[in-house]
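Given below, in the form of structure tokens, are the structures.
What follows is a pair of complexes built around chain A, which joins chain B in one and chain C in the other.
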Partner chain A sequence: MSKLKLNGVSKAYGATLALRRGDLEIAAGEVHVLMGSNGSGKSTLCKIIAGSVRPDGGEILIDGRPVTISGPQSAREQGIGIFYQELSLAGNRSVEENICLAMLPVKAGLFIDRSALKARAARYIDLFSEVSGDGFTAETLVGNLRADQRQLVEIMKALASEAPILIFDEPTSALDRAQVERFFGILRGLKRDGRGIIFISHRMDEITAIGDRVTIIRDGETIKTLNLSETDPATVIRLMVGGAGDMPASQSSAPAVANFSTGAAMTVDRLSGVGFRNVSFEVAKGEILGLGGLHGQGQSAVLRAIFGAGSITSGEIRIGSDRFDAKKPRDAIRRGCAYVSGDRGRDGVIAGRPIIENVTPIHYLRDRLMIARPSSLRQKAMPALEAMHTKFASLMHPINSLSGGNQQKVIIARWLIDRPDVLLLDDPTKGIDLSAKADLFALIRQLAADGLGILLYSSEDAELLGNANRILVFNGGSVTRELTGEDRTRYNLYQAAYEAA
Partner chain B sequence: MTPTTIETPSARPGGLKLWLERYPFLPALIIVVALLALNGAFSPNSLSYRSLTGLLSTYMALIMLAIAQTYVVSAGDIDLSAGATLSLVNVAIVVLMEKWGGGTGAVVGAMICGILLGLACGVINGIVVAALRLQAIVATFATSIFFTGVALYIMPVAGTPAPALFWRTYGGRLLGLPFIFYVLAALAVLLFLLSRTRLVTQLLAVGDDQQAAYQTGLPVVLVRIKGYALCGLFSALAAFCLTGDTASGDPLVGGKMTLYSVAAVVLGGSALAGGWTTVVGSLLGALTIGLVNSLVFFMGTPSEWQNFVQGLAILLVLMAGVLAGRRARA
Partner chain C sequence: MNAVIPFLKKPLVIALLLIVALLYLGESLSPGFASADQILRLLIVASLLGIVAAGQNVVILGGREGIDLSVGGVVSLSAIIAGNVMNGADGGILPAILACLAAGAFFGLLNGLGVTLLRIPPLVMTLGMLGVLQGLLVVIRNGIPSGRAAPGLSAFVTQPLVFGIPGIIWLWIAIGLFMAFMLNRTVFGHRIYAIGSNEHAAYMAGVPVRRMRIGLFMISGMFAAIAGLCLLGYSGSSFANVGEQYMLSSIIAVVFGGTSLAGGKGGYTGTMAGAVLLVILQGILTTVNIDESGRQMVFGATLLLLMLFYGRGRAMRA
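Up next is the complex of A and B:
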């Protein structure tokens, strides 16, 4: 009998279907790997099992009995423990407190039983004692730990649940070899105990080392479950990519090889900073340079650093032949650099203010405008908004009255009043609908044709393949591969992204 | 795939940082000592046993209120109705003690009612903020107006005196020691016990990262409500101290103490964002405010300049504390 079974579980956020149909069966004593590209629904699936996301439909069975998981607490009571990809730690609490946080041992029903807590935490800390590194003690505050050590604490916390079903959502992304080996040793022990384990990783070698079966998720749907012993990595990648994997991407009408005699719009030379190192490239005027790879491999960090919103430790950036070192976004904007982020709430929208105020801030800054007259501003704002086919009732309506896609159009429009030389797009289509995406990319190509240099990072590979003239694949903070011309295929992009570094 | 965060600075906290982690109230303690010295310099008499106990019994209400505030701040919340709760409990116990005749039984009975009333106010705040998910600042501001309204209904005009038994005990001596010392000792025991409860750790975990605490499986809503209940309880204790000090009821007395309590929490070294708080620090923070006020008095500042100097002094202390903390924690 299966330990855990999901039948047709689904979840939508507004209009976006995060998980269309999730079917999954976990047997006792197996490590079941989930594979799928960015945003294919793996994490949503895990969070549904762990109770932190409520499914819209479908059923969940544990040991053959249908169950309702109403929240993380209820999941725990049903015997589910989880390692969260984004970690669920309290930075100001100690390692031992974090490990036991879900079930703090108490005496007299009120006071924390320190010695019981210490003893319980020590059991899990000892499992990793040889590999946890310097400065890792039971009393250390989690906020003082390195990234890999924090990840270990999250692993210990998941193990401490002693749950029969354990979920590990990318538990190894920051760990080194020895730590991974140790962790896998523990997983094998849990397997022998008959626990059911769900495991997500992007490292193919780890998956073959620890996994028994693999389920592939594509576009929010579980496609197929395979025995790992009877398959090979190429088959798995092909399934993740879908049927069209080997087709070249250039058919989607991106100019395959553009002739850039116009010179470089921006040159980046051996740039290093927090989250990326030794990144060099040149983007020509009129070129769309794609940044690809798995999520969080340094693409956003590079873009933010160029825009002056991140930190640069070494290397240099040139616009034309001049050095361009933006200390602050303000400098970058004044010197003709534009940045559009997919995280509109954080980096774009001025919430609750009228559309006109959301279109004009860059204009204020670049023209050093002191006094604004609405009528003249309107004349400048309207063409920019129309270029994007933005739908809105009036310029005075608050921006929140627009859909996500139209909000993003307004944000992009603000950069069009005074043309920049370089446009940095940091996953600009996150959470916007298909027609808005089409409008957006039509405009981006138009801007490139007008001679802007464009850097495009997208978490959707199709967008990169369909629009970028060249693609730099990021892995672990540096560029590991450049795809040009006929090489720009889904298959190559995946392979480069999933390569063990 | 190699680690995405390439180089995180090494984990070993330095000596000073370690000290601050263990005793986050150290900067506040230094400031209190410095202020005591300054007070002594301007008026040696202000350091006498007598005036120090006087200072303590005057500011014990603010100390209690600052501690009350600390527990909600731990969970990343805030309570702008703490002062109003104090006023409400103050007038309620004064009226009850008067009605029941002012004897020992009346005083004890009124105090039990006062504690229950404080708890009730806290639970109301907790439900409004945590369960109904209203903004803590605005919601508790609204409940503060509501509590003040109830207090004004109970006692429309300030001035009803508390029974002599009550304030004589608070201001008097017991077995040769000022009663306020017993209050302080009881408070210390209470704080020590509370610091070991599961609730306080849960409050801090919630304040650290509410989403993470929820995903861990903590009952976040319930924990926050309990935090507010604890705040209501200490607001009631603050009301007892205030009644002992002023010996009368006043429906508006706590209003301006609310923001002083928030200031004391910050002066003490707690993070207003939650997850990192110190009740001892808040105690010292409240004393800091008291000492600044008495310093302004002893310096002989003309009355029309006193607010000006007080405000400036608190700003300076705040800056000193923040700078010291940042330097050491960086």
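Up next is the complex of A and C:
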């Protein structure tokens, strides 16, 4: 009998179907791998099981009984434990307190039972005793630990739930070899105990090492479940990509031809920093260079670091032949570098202020303006906004009165008044509508044709395949593959993204 | 009709209506309260408060819990410095102005450095600075005399200058115009709103956030210093903690004028109305024989009421 079974579970956010049909069966004593590309519905499925998202339809069965999971608390009561990819630890509390946070042992109904807490936490700390590294003790504050050690605490916390069904969403992303080996040893033990484990990872070697079966999700639908021992990575990736995966990027969407003879717009040489290492590339004037791969493999970190908003530990950046190292965005902007973030609420929009003030800040800096004369600013702002086909009633209306897509157009328009030499696009179409996306990419191609060097990271593979001349695939913080010409296929992109770092 | 209601909800309009209502109330409690002479006297007092509130206003607009609790200390210190530098001689006015501005800028700089480089919350940083200034005042007072205002300064503050209106009111009007120009028509002004509204986005758009914030605290210090100098002219000689009352009342004037304590929203015109309103309220409380401690209680309660009122407004819009 299956431990956990999902029948036709679905979830829509407004008009967007995040999960069309989720069928999943987890047997007792197996590690079941979930695979799917960015936005395929994998994390929605996990959230439904963990109780943080309520499904719109379908049924969930635990040990053959239909259940309703009404929230995270209810999931815990029904025996579901989860490892959170976004760290859920309390930085100012010790390792042992964090491990027991979900169920603090209490005595006399009021006081925390220190010795019971210590004893329980020690069981899980000991599991990793030889691989947890320097400075890792039960009393250490979690905030003082390294990233890999924090991830170990997160794993211990999930294990401490002692739940019959465990979900691990990318539990190994920060761990080293020895730590992964130890963790897999523990998982094998849990299998023998008859627990059901859902495992998500983006490393093909790990998946084949620990997984028993794999379920592939594509476009919000669970496509197929396979025994990993009877299949090979190529088949799995082909299923994830779907039918047209082997076709090169279609000719109709071929990118603007780059004129490489005009020289490099920006050269990056062995750049390392927080979240990326040893990244080298050259983007020519007029070229759109795509950064691909799964979420959070260093693409954003590199772009932000180039713009002066991240940290660089070594390496060199040149614009033309001049050395370019921006300490802060202000320096980068002055030297002709532009950056558009997909997180416009955090990085872009000056909320509550008029549209005009959201278009002009870059112009203020590059023209060293002191006085803001409305009439002359209007003349500068209008062509930039029109180039983006921005819809708005008046320049004086607050930016919040616009739709998300139009807000992003305003943010991009601010870079068009004084043309930059290099444009860094960090998932710029996140959360905007299709017509705004089309406008945006038309403009990006136009800018490339005008001679800008453009770096484009997108979480939507179609945007990269349709617009980039070359694609650098990021995996674990470094570039593992470069796709050019006929090689720019969805299949190659996935394969490079999933192969071992 | 539909256009009237939002109009009546504007803070500036509310403040102006309240001013008229309070003047009427004062006149009915004590005839002569709203006479031209008396109103001019109220406006002189309001100018002093309004000048302090101009600095408070820019610090609050700059966001990140920006607030300057040290303004009262700077006002007191500036009054003492001015009194000693000019010591009753008109020739000392210009050196006194320069000395006061330098002192105000210096303590503003310290506030700004503490908030930006040491990342001390403005509330704590400026409260600590207030303590330092109060201690400093005691030390100074034990060493040197409090000094006297020059006749020229006293005349500027209390005697009619042009059209029967004293110089300080003209100065305040000039400051009002300057603030409106700065906030609406200069890059600096737009950047104040930008950092107050979304500091990170402003940083990513090349705004020198740290330097801006230090500048705002320096502006606040200098406005408080100018107010201290004028306050000396108003009272003739400085006495202990003359500026104490300005901490709370400058904040109330700013909030009354519709500037959000969260930053990024508001302006100085409303603050000017708020300053007038507070001074009239103070006048009424004095008329009905409520002493200083009672006035402070009323002021504190006013601020809390205002927060409640604006807080509710925000919640209802959301």
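Note that in this section the second predicted complex is superposed on the first by the 485 of 501 C-alpha atoms of A that agree within 3 Å, B and C clash if a C-alpha of one lies under 4 Å from a C-alpha of the other, contacts with A are read in each partner's own complex, and residues count from 1 in each chain.
To be clear about the criterion, contacts are C-beta pairs under 8 Å (C-beta built on N, C-alpha and C of every residue); 3 or more make two chains touch, one makes a residue touch a chain.
Everything numeric in this text was worked out from a predicted model, so none of it was measured.
K.L.:
After the alignment on chain A, I want to confirm one thing: do chain B and chain C clash, or do they fit together?
P.N.:
After superposition on chain A, which the two structures share, chain B runs into chain C.
K.L.:
Using the touch definition from the top, say if A:72 reaches chain B (first), chain C (second), both or neither.
P.N.:
first
K.L.:
Considering only touches as defined above, state whether A:362 meets chain B (first), chain C (second), both or neither.
P.N.:
Touch partner of A:362: chain C, not chain B.
K.L.:
Touching A:348, do we find chain B (first), chain C (second), both, or neither?
P.N.:
Touch status of A:348: second partner only.
K.L.:
Kindly classify A:330 by the partners it touches after superposition: chain B alone (first), chain C alone (second), both, or neither?
P.N.:
The answer is second: A:330 touches chain C but not chain B.
K.L.:
Determine, under the contact definition given at the top, whether A:140 touches first (chain B), second (chain C), both, or neither.
P.N.:
first
K.L.:
For A:339, is the partner it touches chain B (first), chain C (second), both, or none of the two (neither)?
P.N.:
Touch partner of A:339: chain C, not chain B.
K.L.:
Looking at chain A, does chain B or chain C touch a larger number of its residues?
P.N.:
If we count touched residues of chain A for both partners, the winner is B.
K.L.:
Looking at A:225 after the superposition, I want to know if it touches chain B, chain C, both of them or none. Which is it: first, second, both, neither?
P.N.:
neither
K.L.:
Name the residues of chain A shared by its contacts with chain B and its contacts with chain C.
P.N.:
Touching chain B and chain C on chain A: no residues.
K.L.:
In the complex formed with chain A, which residues of chain B make contact?
P.N.:
Checking each residue of chain B against chain A gives 1-8, 10-13, 21, 193, 196-199, 201-202, 204-205, 208-209, 211-219, 275-276.
K.L.:
State the interface residues of chain A toward chain C in the complex, per the touch definition above.
P.N.:
Residue list for chain A touching chain C: 307, 309, 328-330, 333-334, 339, 341, 346-353, 357, 360-362, 364-365, 369-374, 414.
K.L.:
In their shared complex, at which residues does chain A touch chain B?
P.N.:
The contact residues of chain A facing chain B are 50, 52, 71-73, 75-76, 82, 84, 87-93, 97, 101-102, 104, 106, 110-112, 114, 134-136, 140-141, 144-149, 157, 173-176, 202-203, 274-277, 294, 296-298, 475-477, 500-501.
K.L.:
Help me check something: in the complex, which residues belonging to chain C touch chain A?
P.N.:
Residue positions touching the partner: 184-191, 193-194, 197-198, 200-208, 264-265.
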